[in-house]
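What follows is a group of structures, each given as structure tokens.
Look at the two complexes coming up: chain A is in both, with chain B in one and chain C in the other.
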Partner chain A sequence: MRKPPKPALVARRRRAATTPLVVILAMPALLFLVLPILLVIPMSFTAGHVVEFPPSAWGLTAYRELFADEGWRETIMFSLKVSALAVFLSVLTAGLAAIGLPRLRMRGEGLVAAVILIPLAMPVVTLALGIFQFFNQLQINGTLVGIAIAHSVLGVPYVFLTVRAALSKLDLALVRSAMSLGAGTWSVFRWVYLPAILPALLSGALLVFVVSFDEVVIALFISGPGAITFPVKLFTEVQFNLSPAIMAVSTLLLAAVVLSVVVGILLFGVRRTVYRIALGDGGGAGR
Partner chain B sequence: MTVDDSKVTSAARATGAADGARDINVTGLGKRYGAAHALHDVNFTLRDGEFLTLLGPSGSGKTTTLGIIAGFVDPDYGDVQVGARSIIGMPPRRRNLGIVFQSYALFPHLSVAANVEFGLRMRKVPAAERERRGKRMLERVGLADFAQRTPAQLSGGQQQRVALARALVINPTALLLDEPLGALDRRLRQQVEIELKGIQRETGVSVLHVTHDQEEAMIMSDRMAVMNAGRIEQIDTPTNVYKYPSTRFVANFLGEANLLDVNVRENDGARAIVNYADGSSGAVHVSSAHGTGGSGSQGTVCVRPERMHFASDDEVAENAVCGTFVSCLYLGASLRCIVQALGQELIVTCSDHAAFTSPEPGALVRLAWDAADGQLLANES
Partner chain C sequence: MMALRTIGPDVSGQSSVRAAAVAARRGRWGNLLWLLPVLALYAAGLVLPLGITVRRAFELGAAGWSDLLHNSLFTGAALNTVIDSTGITVVAVLLAYSLAAAIWRGGAIARASLTTLVVIAFLTTVLVKIVAFNALLRDNGVLNTLLQALGVIDGPLHLFPGRPAMIVAMVQYVVPFAIFPILSVMVRLDKRVEQAAESLGASPWHVFVHVVLPLTLPGVIAAALLVFVICTGFYVIPATLGTPRDQLLANVVALYALQLVDFRVASAVAMVLVVVVGVLTVLYQRAERATR
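This part shows the complex of A and B:
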């Protein structure tokens, strides 16, 4: 027979001991990781036109240059659109797959799940090459939709995994009681499945957004005139036109990330925010 | 709608009861999982307004039976009818059965009120009426003050009552209870048993209750069906099932039983003359509708421990055997004695009264019981 439901209380994980020694040992590692990133901030506030550290004169030239260049604004907007579409496509397909696949009760379910997860394990270059060849046939290389579809391939495993984890915790009796109370397929989805997977969908969406917005390899392969994502522009600018504007845009990006983490902490608290970022999960239930 | 719907439904029940239109008839139900029979030819009727319990151990098929009636499991053969209408193949949402699950299965993101109103929402009942009926049902289970809370803010017992209210508010043809008390602790459980029975009496709803807890079944049921290995072994009132068990399984599953091997000498279907293992003869009751052996066959007699008593040598008894006293446990209100007799250990319980003094271990004693208290069981097929 069924076991009684677990008590709602879950033992709190024990806090790791924070001794001065741990702090002393952790500091160099933290500096090593963070310093190179922080270096872009002073480098962006230069009065000159070369990238140097420390800047020989302080000023806002880089920012003026950045805002004067329409190209940066356009690529950022383009990237946001690509990422939004990639998020939409991944959430829709992976969400439906995660709900529908177990309900098919077919043999080879595990195989299908494995295929869905392949992009996680495959070298991105290989994936990019394949997609490039395939999109060539479809003639969607160098289009917004093309890049978004390619990115959604990368994003699908994240949404699939988070939604599946959420569904594994769903009590089948909830579905059954909704049905017994008169709920049809749509109502069961609306009242049982959707609320249960909503946090997972949101964290999955966030992950896909980050993956897509940050993605450079595939975007490099299938970008074209008028279809250049922000990371691609950054990459090519670094290669061919190393200007302080790059430092300025990196600084702004860094500020945006810090700001969103701070907002996250204010909204959800430190623990849940860290878990969300680390696991892409709605509150620390690990995989 | 100004008329009180509980009156409407009880009126509908009163008329329905006459022709059995709200009875649930289960006939020849069977279910196989691979080669194993989960259910085998299960037949019973849940009469309108009745509290019927399916009682049995894990894997006896009681939950499968409930699942088939609810529409979650498809039977391999057999039929389930409401009145004269088969509901096999009908999706669960159209069966109009209220179900309470062991996990309660309350929708965690909805308030208590929204949970209770869920079935009405699915039936497209207008919001005002929905609220009114939901509120009244919450009052009935004593949780009107908790309407705006979420299920997680309630105790187990309260959640269980919300689940009950949610299942009752749709005026179900019957209420199906899937071990609803399994997650409650012992003391709370007894209180809930009485409450549940009270609500059932008040509303007059038919209840099919599934449990493995015999005490729960005894307290609440009008009738109970004892299930074992996919079959119903006996279906009757709790009193009759306890007093007149028809099989060894039922005798053992419900309370304690002394099972004695006998040779049947005479059997007229109501009373039998038997010989015990020590050669002594006695008279016992036969009530099983099927399968007790006739003259000359082997059989089993069940005697409840509280129906045996220590008898003096000159006492005339319909059944009496001699044995050796082994031990006695004092249980407060009663004494539980063990006597070695007929080649086995017999259990005798007697109430603790001043006249009784426990014999010394090893002493020869005589045990006796009335013919009405010995029950010839059906032969195992």
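This part shows the complex of A and C:
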């Protein structure tokens, strides 16, 4: 006579039986999430000058128009400079703060950390309005430095979070022993802290770059002649008209995202890539 | 100061102990230097800008604030914001729950591919999304062309520009945000609780309704609050996919600042936005902490 199967085994079998159903139930949500975005790809490969689906003739007109357009090239270059400066400022200030805060060993540490994270929760438009008014007094509206400073404020929380997470794994005995062996502040920073937080600094820098390169609202408020970022140009063009060139830009942006996610997964695996991205899951600056 | 501590046992005598204490204190406050750069940056890019906004908002005076409450631009946008955010939150959390469940329960391949696609959707800039929904939902767009070709409708459905296009795009934008808090609760569920229910004869449906759903509710609440907070701040999507009637509070701030050049009213509306978002964020952090 066969023994009745163990309860855990029954449970596992049931689980396996319901799994396809759970996955199927998620399909509408998945399609809704992904399909609309993918739509821009075929629409960009048109031979004509209007946006249609499917294109009546396939071709690369959109890409040729895009690369021939001085305006797009200029704004992309400008945005790259803004984002590079923003990354530098965020990484420097947030990295130092993440190291220094626990060293203060004061009671309000959690409060200071919360204050540093404020830009994550702030409605971007409020920040944009305030920065516009203040930078107007400083007369740095419509300048590269002005936009970069504003973006670096948005970026600080991301670097701060990633570096803090890395530091929480650092054994403070290392710091203590280095200092007791006579290492000065600089040596401790260079030989103890920096190696421990370098990966965190890099992924933080990447997040800041993405935030800055995507940011529309602040850049729209404080843009000026000669200081128009790439997202602001895209935003204003979209409000008037959809051209094949816009489809081409969107396809390239999408390709960059897909590429970086795939590279991230190949380098770090799915779980760590997602963990790193989810660390920055605070609100999304570009909305 | 940490060095002094380790050396501590070696030094004897009152005076050197006192000297060490003084040095330790100085060293400790010397660490403030680490925080100076971020403080300077925040002063320029956060504190002073907000200070000016608060001051401008108060310049409006009691009369100005009561005018604001009768300003149909403001009240209309406030109403839109509450209604749209609520609807979007409900739909987005449902969709996110189904995706989170599939990632949680799916096999290795399903899990990896679903996660990858969700992350790609999450990282895709909002600008690509508004381009996509514009192309999809306009009168001669993909959806209308398709439905007309299939003979489902005679004339085009007017979805863009307007509330339908705007809401669909906002839901699509927030779903990935809602997945993370729900999923983080799911992966920490103790499998044995489910197994216990099953071995006692509960059907899969019963297990879901009476075991899984209640246990994942904290994640759902955290996700809902996060989505609601994000919705209250939406600017780009309403500006590009909605009509002037569909605008939200953030758009009113921009309208008053950039078009009407009335910074007092703009600041006042921005303050309302900050207070609402601030309260919701505190609630979210409580809810998020409860999921751990």
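The rule is short, and it goes like this: the second predicted complex is superposed on the first by the 253 of 287 C-alpha atoms of A that agree within 3 Å, B and C clash if a C-alpha of one lies under 4 Å from a C-alpha of the other, contacts with A are read in each partner's own complex, and residues count from 1 in each chain.
One rule holds in what follows: a residue touches a chain if its C-beta (ideal position, glycine included) is under 8 Å from a C-beta of that chain, and two chains touch if they have at least 3 such contacts.
Note that this is a predicted model, so its numbers are computed, not measured.
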item: Superposition-derived comparison: chain B or chain C, residues of chain A touched; value: C
item: Partner chain(s) touched by A:V51 [first = chain B, second = chain C, both, neither]; value: second
item: Which superposed partner A:P36 touches (first chain B, second chain C, both, neither); value: second
item: Which superposed partner A:R176 touches (first chain B, second chain C, both, neither); value: both
item: Touching partner for A:P195 - first (chain B), second (chain C), both, neither; value: first
item: Which of chain B and chain C A:G184 touches, first, second, both or neither; value: first
item: Touching partner for A:A150 - first (chain B), second (chain C), both, neither; value: second
item: Doubly contacted residues of chain A, that is, touched by chain B and again by chain C; value: 8, 176-177, 179-180
item: For the chain A and chain C complex, residues of the former touching the latter; value: 7-8, 10-11, 14-15, 17-19, 22-23, 25-26, 28-30, 32-34, 36-37, 39-40, 43, 51-53, 89, 92-94, 96-97, 99-101, 103-105, 112, 115-116, 118-119, 121-135, 137, 149-150, 152-153, 156, 172, 175-177, 179-180, 210, 214, 216-217, 220-221, 231, 234-235, 238-239, 242, 246-247, 250, 253-254, 257-258, 260-262, 265, 270, 273-274, 277-278, 281, 283-284, 286-287
item: Interfacial residue positions of chain B with respect to chain A in the complex; value: 58, 63, 70-72, 91-95, 97-99, 101-105, 107-110, 118-119, 122-123, 152, 163, 166-167, 170, 179, 182-183, 212
item: Interfacial residue positions of chain C with respect to chain A in the complex; value: 2-3, 5-7, 28-29, 31-35, 37-38, 40-42, 44-46, 48-53, 56, 95-96, 98-99, 101-103, 105-107, 110-112, 114-136, 138, 140-142, 145, 171-173, 175-177, 180, 194-195, 198-199, 204, 226, 229-230, 232-237, 239-240, 250, 253-254, 257-258, 263, 266-267, 270-271, 273-274, 277-278, 281
item: Residues on chain A engaged by chain B in the complex (per definition of touch); value: 1-2, 4-5, 8, 171, 173-174, 176-184, 187, 191-192, 195
